[in-house]
C-alpha cells in the first residue's frame, strides 16, 4: 500500500514526465466537450488526437499511449469506433478509460457501457450516479449531474474494481480505488461543475497519465491531484465560470511539483479497514 | 395583456426560480455551438443534457423540463432523434423550442423545419430571415446572418403564431409575440453577433425558462431580458469578441433581479393596434 | 514575382476588403474545432457557415465565397458532403482549401485526401508531416503534431503545387508557394500549437481571403500574415494557452494595416533559385 507521501511524490514525477514525453492520447468523446478536452490535454503538455471513426480508430489505438472512451453523445459511427479502439488498445496492452456518461436509464449507452465494462477498462471514471448505475445497483443520473454522494457509490466502485479496473468517483471529495486500497482526494472547486466538460476532461487527463506508468492507481491519483489543484488555483484567478475556463487552462500549463506539495490533500485507507 | 412592469416582475421571479430549480434542458443542437450552449445554461443555473441519438432522445424528452431543437447541422441521426424527442415532449406536454437555423433554400433542413412546425412547437426562435422563410414568405438567409430587419418579419411571425406558438425574432430589437400581444425588447449588444452561438444559445435559455411556467410569452420575454441584459453587462467588461464570451458567462452567473430592473427595456403592443 | 513590399500592401488591402465584404465561408471541418473556427472567422469579419450535410453542402458551396475542407474527423456523412461541396465549388469556380489533417497512415482520410487532391484544390494547407504524406513521400504525422521540419517538406510542397494549387506549410516559419515563387513568413508564436484548432482555423482564414481575389498566392500570404501577426499581439496579452485564445480573437477583431506594416516578416524566393 502506498502512503499519501508516496502518492504525492509519484504525482510530482508523473507531471514532469508527462510534460517531457507528451503522451499521445486518443479521445473518443462527446461533441459537447471535444474542444475543451483537447485544450486541457494540450495545456497540460499531452498530445490529443480525436480519431473516432471506424477503420481508423483501432489501428490508431495501437499507437496511442492512452485511450479515452466517453459515452456522452454515442452516435452510431462513434459506437463502432469505440469498440474498434478498445480492441486496438487491448491488443497493444495500452491503458484505456471508460467514462459512462449518463448511464442508467438511457438504453443505447447503458447497453454499450455494459459491453465495454466486460472488455476490461484500465480505469472507470464517473460521478456517483454513473458508478452506481454501471455496477447495476442504481438507476443512473439525469444527465451528467451527480444526484448521489460519493460515499454512497463506494460499494459499487468496489464491485467494478473487482474485475481489475481502477475506479474513480468524482465529487467534492474524489474517491479512487482498486482491489487493494482506497484514496480520497479533497482538492477542487465547485466551479468545475459550472462548466461543461469539467468531469469529461478529467477522464482524458487520467488516460494521459495512465500511459506513463503501469501503476494505474497512482497514475489515476496523479491525474486527479494535478487537475483539481490546477482548478483550485484557477478559481482564485477568476470571477465566474466564464473566466474560470481560460484561467484553468493557464493553470494546467503552469502547475508544477511545488503546487502539488503545497495543496494536494490525499488520504489512504487500506481496503477492509 | 401584460404590462412591461408585469413582464419585468415575472422575469425577476423566473430568474430566481431557474437558479433554485435548475431545470433539465435537453438540447439537440448543432456541432458548432454545443459547448457554448451547455456553458450558457450551466452559467445561468440550468442543467443541460445533449441527448441527441435515436432510441434515447424520446424517452429523455419526457423527463426533461424543456427541449431545444436547433437545425444548424442536422445530420441524419440527429434528425431522427429530433422527431423522437419532439414526440416525447408532446407526450409529456413539455415545452419545446424550434430554432430553424438557415432555413429557406437549404432543402434538408427546410423540409424538416416545415415538418417540425406542424408538430406544434411551444416557441419558435429565429432571425428575421429565418422567420420569414419558415412562414413561407421569403427565401431564407445565407446561413445564420439576418439579412432582413426584424420589423419586416412581423407579419411572418404573426402567421407562425396563429398555430399557437410564441414566436421570437432576434435582432437589434427583439420581437416576441403570440396571438394576443407583441413585446419589444431593446437590450443587447452588437457583439453578440460576433461570436458563434449568440443566437443559438438564446434558444436554449428560452427552453430553460419555458419549463418553469405555462405562461409561454412571459417566459420567452424573461429569457430574452436575462440574456440580453447579461450581454450588455459583459460588453462593458470586454475588449472584443474573444474576451466577451467568458465575460458573458460570468455575467449570466451573476446577473440578478436588480440588473433587470435597472436595464430591461420592454414595450408592449396589443395585437391589432 | 511579387516583392515582400507588394505582398504586404496586398495583405493590408485584403484585410480591409475582408471586413467590408464579409465573405461567406463554408466550413466542413472537424468536431473539435468547429466552434473556434467559426469564432475566428467572425472575429476577423467574415461570415462562417458550417453546412456539412449531403444534399445541402453542394448547392451551398456554389453560393459561398470560399470553402474549407478539413479532414480532422471525417465521419461518413461529412465525407459525402465534402465531395458534394467540392463539386459545387468547382462548378462555380470558387476557391476551396484542403487541410489533410493527420493524413498518412490513417486509411479513411488518406484515401479521401488523395481523391480530393485530384479535384484541384485552390490551396492545400498542412504541417510538414501532412504535406509530405499527401505528396506520397512520407508516412504522415501522429495526429496533428508536426514531426518534420518545414524545410523538409519543401520538395513535397513543390510536387503538390505542380498541379496548380497554392501550398502552405505551417511551422515556426510558414512556407507558402506556387509554381512561380516561394514565400517565407516568420511571424507567429509557439502558443498557437498549445491550443486546439490553431492550424485548422488558419485554413478557414485562408478560405476567407481566397474568396476576395484571384491572386491565390498573395491571398494565402495575406491570411498567414494577418493570422500570425494577430497571434503575436495576443501572446503578449496572455498568461498561457487559456487566456491566449480569447486574446487572439480580440486581436483578430482589432488588427489593422498598421500592425501588419510594423510586424509582418516576409521573404520571397523565386522558384529555381
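When the chains are written out, they are named A, B and C in that same order, and each has its own residue count from 1.
Heads up, the rule we're going with is that a contact is a pair of C-beta atoms (placed from the backbone, for glycine too) under 8 Å apart; a residue touches a chain by one contact, two chains touch by 3 or more.
Listed by chain with UniProt protein names: A, B, C = Hydroxyethylthiazole kinase.
As the structure is a prediction and not an experimental result, all values here were calculated from the model.
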Joint neighbours of chain C (Hydroxyethylthiazole kinase) and chain B (Hydroxyethylthiazole kinase), given as chain labels: A
Between chain A (Hydroxyethylthiazole kinase) and its twin chain B (Hydroxyethylthiazole kinase), rotation from the CA superposition, multiple of 5 degrees: 120
Interface numbering overlap (same over half, different under half) for chain A (Hydroxyethylthiazole kinase) and chain C (Hydroxyethylthiazole kinase): different
Between chain A (Hydroxyethylthiazole kinase) and chain C (Hydroxyethylthiazole kinase), centroid-to-centroid distance (C-alpha), Å: 34
Residues of chain B (Hydroxyethylthiazole kinase) whose C-beta touches two or more other chains: 31, 35, 245-246
Chain B (Hydroxyethylthiazole kinase) contact footprint on chain C (Hydroxyethylthiazole kinase) (complex, rising order): 24, 31, 34-35, 38-39, 42-43, 47-53, 55-56, 59-60, 63, 77, 245-254
Chain A (Hydroxyethylthiazole kinase) - residues contacting chain B (Hydroxyethylthiazole kinase), complex: 30-33, 35-36, 72-76, 102, 105-109, 142-145, 193-197, 238-243, 245-246
